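Okay, so subunit A shows up in both of these, paired with subunit B first and subunit C after.
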Partner chain A sequence: MTSRTGLGVYFALLLASWPVQTEAQSSKSVTITPVQSLSFGLLVPGRREVVPVTDMARRAVVALSGQGPVDVTLVLPSALETAAGERIALQFTAGDAALLDTGGNSLGTLDPRQVNRVQLRNNRTVLFVLGGTAVTTTTARPGHYTGRVALIVNQPGT
Partner chain B sequence: MNRTLRLFAALGMLALPAVAQAQTSITGSITATADIATVWSWGTVTALNFGSVVPGAAANATGSIALSRNVGVIYSLPDGANTGKLTSAAGGTIMPTFLCGVGSTATTIVTSFSSCNGTGSVLTIAAPAGTVNEFVIFQGSLSAAQTNTVPGTYAGTIRITATPN
Partner chain C sequence: MLTLPQLPTERPATERLARAFARALGFALVVAGVLTLTNGVARAIARALGGALAVLGLLTLSASVAHAVTVSPTAVYITARNPSALLTLINTGSRPEEIELSIGFGYPVSDSLGVLRVDIVDTAATGEPSLTSYLRIFPRRLVLQPGQRQVVRVMVAMPAGAADGEYWGRVLVKSRGGEPPIEQSNGNVKMQLSLETTFATAVFFQKGEMKTGVEVGSATAHRMGDSVQFTLDLKRTGTSAFLGRIRAELLDAKGSTVAEVEDVVAVYRSLRRRFVLRTGKPLPAGAYTVRYLVDTERPDLPAQGPSKAVPVNGTVEAH
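Moving on to the complex of A and B:
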C-alpha cells in the first residue's frame, strides 16, 4: 500500500466513523418535558410558604427520559419578581427535589442545589419534582410574581 | 507510512479522546409563580356615642372603624350632607359638627378628610409599603343649643366607602 493509498484509507475510516459516533449520541438522547410549574399560590405578606416535594398540586414536575447516566443541574432563582421588579425571596434546601417513577413512587430525594446524577434506563420516563420555600415580607406588594428555574441535563461522556 | 500519514494518524489519535469526552447537554425550564393577595377588610367598629346628654350642655364623642389594607384607598361618604345626621322616633333631627379623617389609632386624626359631609372622594391615599391597619375616625360635637331640644333617642349612621386605589 502506498502512502497515498494509506491516507485515502484513513480518510475513509474517519468519514465512516462519523455516522457511528452520531448514532451513538442519538441513541443516548435525553428528553426534558416540563409537566407542571412550581406554584406557591396565593400568599399573605410576612409569611413563609413551603411547597414540599410531596405536594402534588403545587410542586414542579419535569419528565425526563432517555438512557444512561445524566447529571441534572438546576439554576435556581433567588426570588420571584413582578414585572415592576418587586420580589419574593425563594429558598431551596436539601430534600427540595426528588425523583419519582411515573407511578409516583419515590426513587430518591435530591438536593436541588447540587449536581445530581440520575440513571435513566431503557428510555423509561422518570419525574423530577421540585419544591421550595417562598418568603414574603410584610411589605410585599399585591401582584403576580414569577420566576424561572433552568434545568440542565448533561450526559457525561463514556 | 510516510511522515504525512504518521502525522495525520497522530492527529486522529489525539482527536479520539476529545470525541469520547464529548457531552450532550439539554436545557429545560420550569416556571415558578406566586401571588400576593390584596389585603382589604374592615375591622373593629367603635360607635360614636354621645351617651346621655344633659339638655343645654355641649357633648363630644368619637367613633371609628378600622381598615386593614395593603393597597391605596379612596374614601368617600355616600350619604353626603346627611352623613351622621341624628334623628329621633318623633322626627327630630340633630346634625352634629364633625371632624373626620384617618389615623393609626382609633382616637387621633392624622390626615383629615377634605369634608365630613361632602360628596365625591374626601381623601385619597397611595399604596402603603406594607399592610397597614388604619382607622377612619369621626369626632362629633353637639353644641349646647343643639342639645336643648326634645328628649328622646337620636340615632344616625356614618357610612364610609373605601375603594381600592
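Moving on to the complex of A and C:
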C-alpha cells in the first residue's frame, strides 16, 4: 500500500467513525441522554439532606444535544413513597437546576419548576443538572421508598 | 440511616482522554496531509496513525454514553391525503435501550406573566381538536441495540365524516436510563429515585384547506430601569395553529435599534408572550418605541408543514 493510499484509507475510516453526526444533519433531531439519577446518599431521620447542583456525584444529569432550541420541563415528585404510603418529602426550589457545558462550566442557573429554554448548537452536548432536598421525619420507618423524576423535552413553538 | 448509591460522574476520565485524543489525531492527520505533499514521510505517519486509530477506537468504545436516544423529526405533519408519517429513533448509546411510545395531548398556554407551559394529558378536554383517539403508532414498544435505528410509523385513522380542520396530538417517546440500583443499609430501608426522559413530538393532522393567522389583542411596553418589558397578547385566527416567530426591536428617539429579541411562538388559541429588551448598559433618558413583527418564518419545521400567514407588525411606545 502506498503512503497516499494508506492515508486515504485512514481518512475513510475517520469519516466512517462519524455516522451519527452526519445523519443528524438531514433533519432536526434531538438526543437525550440520561446520565445519572438524583442520589441523596446518607439520610439521617429528622434532618434535611440537600443535594446542590454543584454536587457532581449526587445531582441528576441529563445530556442534551442537537441543533436549535428545546424546552425542558420537569415533572417533580413531592415525595418518595413506599407502597404502604410512608413518605420522605422532596423539595425543589429555584436554582435547583442548572445548565453546564461538558467541561462542567455553568451556562446558567434554572428553576426546575418552570419550563426552561435550552439552546443547542452544532450537536454539542449540554448538561441539564438537577439537585434537590430530601426531608426525613424523626419517625421515618424502614421500607422501599421510590420516586420518579420525569424530564420532558419539547421543541419550542410547536 | 439510608444510603443511596453514588453513580459515576457524567464525564469519565476515558471520555475526556478520548476526546482530547481525537482532537490531537485530527490535527496530526492534517499535518500528515501537508507532509505527504512536500516529502515522503507519509508512510511512517500512516503507521503511527494506524496505531493511534486502534487506541482511539478502544477508548471511544469504553467512553461512549450508556443511554441515548435521538428522535427525528421533532414535529410531524400529516394530511388526510397521506395519513401517515415516519419517526426515526436512533440509539447512540452503548447499551440496549428500552423505548416506549405513547400518545398525549397538549399545547403551549401562558399565564398572566407570559410564562409558558405545555400540559400534556392522556385525554383532551371536550371540544378540543384532539388526535389522541385516532393516532396509531407502530411499534409502541421496542428495544434499540447500540447504534441501531428504528423507524416508527405514525398513522391517523380519522373517521370519514370528521370535520375539516387541524387536529393536534403528541407522540411521547419515553426512555429510562441512569437508574441507580437499589442499595440498602440499616436493615430494610431502600430508596430509589429514577430518572425518566420523554421527548414530546408534536403531531398535526390537516384535513381540508388550512388557513391561519394571528391578531394582536394588545401590545404594551413598560420601561423598567435599564430595560423595557414588552408584552404581546395574541389570538389565533383561521383553522390551524399559528406556528411562527416574534421579533421585537427597541428603538430610541432617532429610530435606531438599541436592543432586539426574537423567539418562536405557537398560538393554538391565544397566548401572552413577554420579553425583556435590554441594551446591556443603562438606558439613557428619552422616548423609546418597540417595533414588533409576528410572522410564520419557521425554517426549523418541515417546509410542507405549518400554514403560512400574512405577517403582523406594529409599534408601541414604552411608558
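The rule is simple: the second predicted complex is superposed on the first by the 126 of 158 C-alpha atoms of A that agree within 3 Å, B and C clash if a C-alpha of one lies under 4 Å from a C-alpha of the other, contacts with A are read in each partner's own complex, and residues count from 1 in each chain.
Just so we're on the same page, contacts are C-beta pairs under 8 Å (C-beta built on N, C-alpha and C of every residue); 3 or more make two chains touch, one makes a residue touch a chain.
Predicted, not measured: the structure shown is a model, and the values here were computed from it.
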Is A:T102 touching the first partner subunit B, the second partner subunit C, both, or neither of them? second
Just subunit B (first), just subunit C (second), both, or neither: which does A:L120 touch? neither
First (subunit B), second (subunit C), both or neither touched by A:G46: first
Look at A:I152 in the shared chain and tell me whether it touches subunit B only, subunit C only, both, or neither; answer first, second, both or neither. both
Under the stated touch criterion, which partner chain does A:L110 make contact with: subunit B (first), subunit C (second), both, or neither? neither
Between subunit B (first) and subunit C (second), which does A:A57 come into contact with in this model arrangement: first, second, both, or neither? second
Taking the superposition as given, does A:T138 touch the first partner, subunit B, the second, subunit C, both, or neither? first
Partner chain(s) touched by A:S29 [first = subunit B, second = subunit C, both, neither]: both
Mind sorting out which residues of subunit A both subunit B and subunit C touch, each in its own complex? 3, 6-7, 10, 14, 28-34, 37-45, 60, 62, 77, 80, 88, 136, 142-158
Quick check on the complex: what are the subunit A residues that touch subunit B? 3, 6-7, 10, 14, 21, 25, 28-34, 37-46, 49, 60, 62, 77, 80, 88, 90, 130, 132, 134, 136-158
In the complex, subunit A touches subunit C at residues 3-4, 6-7, 10-11, 13-14, 17, 19-20, 23-24, 26-45, 56-58, 60-63, 68-69, 71, 73, 77, 80, 88, 102, 104, 114-115, 127, 136, 142-158
Where on subunit C is subunit A touching in the complex? 1-11, 25-26, 29, 32-33, 36, 40, 42-43, 45-46, 49-50, 53, 57, 60, 65-75, 88, 90, 92-93, 108, 115-118, 120, 147, 175-180, 182, 186-202, 243-245, 263-266, 298, 300-301
Given the complex, residues on subunit B that touch subunit A span 1-2, 4-5, 8-9, 12, 19-39, 70-71, 127, 129-131
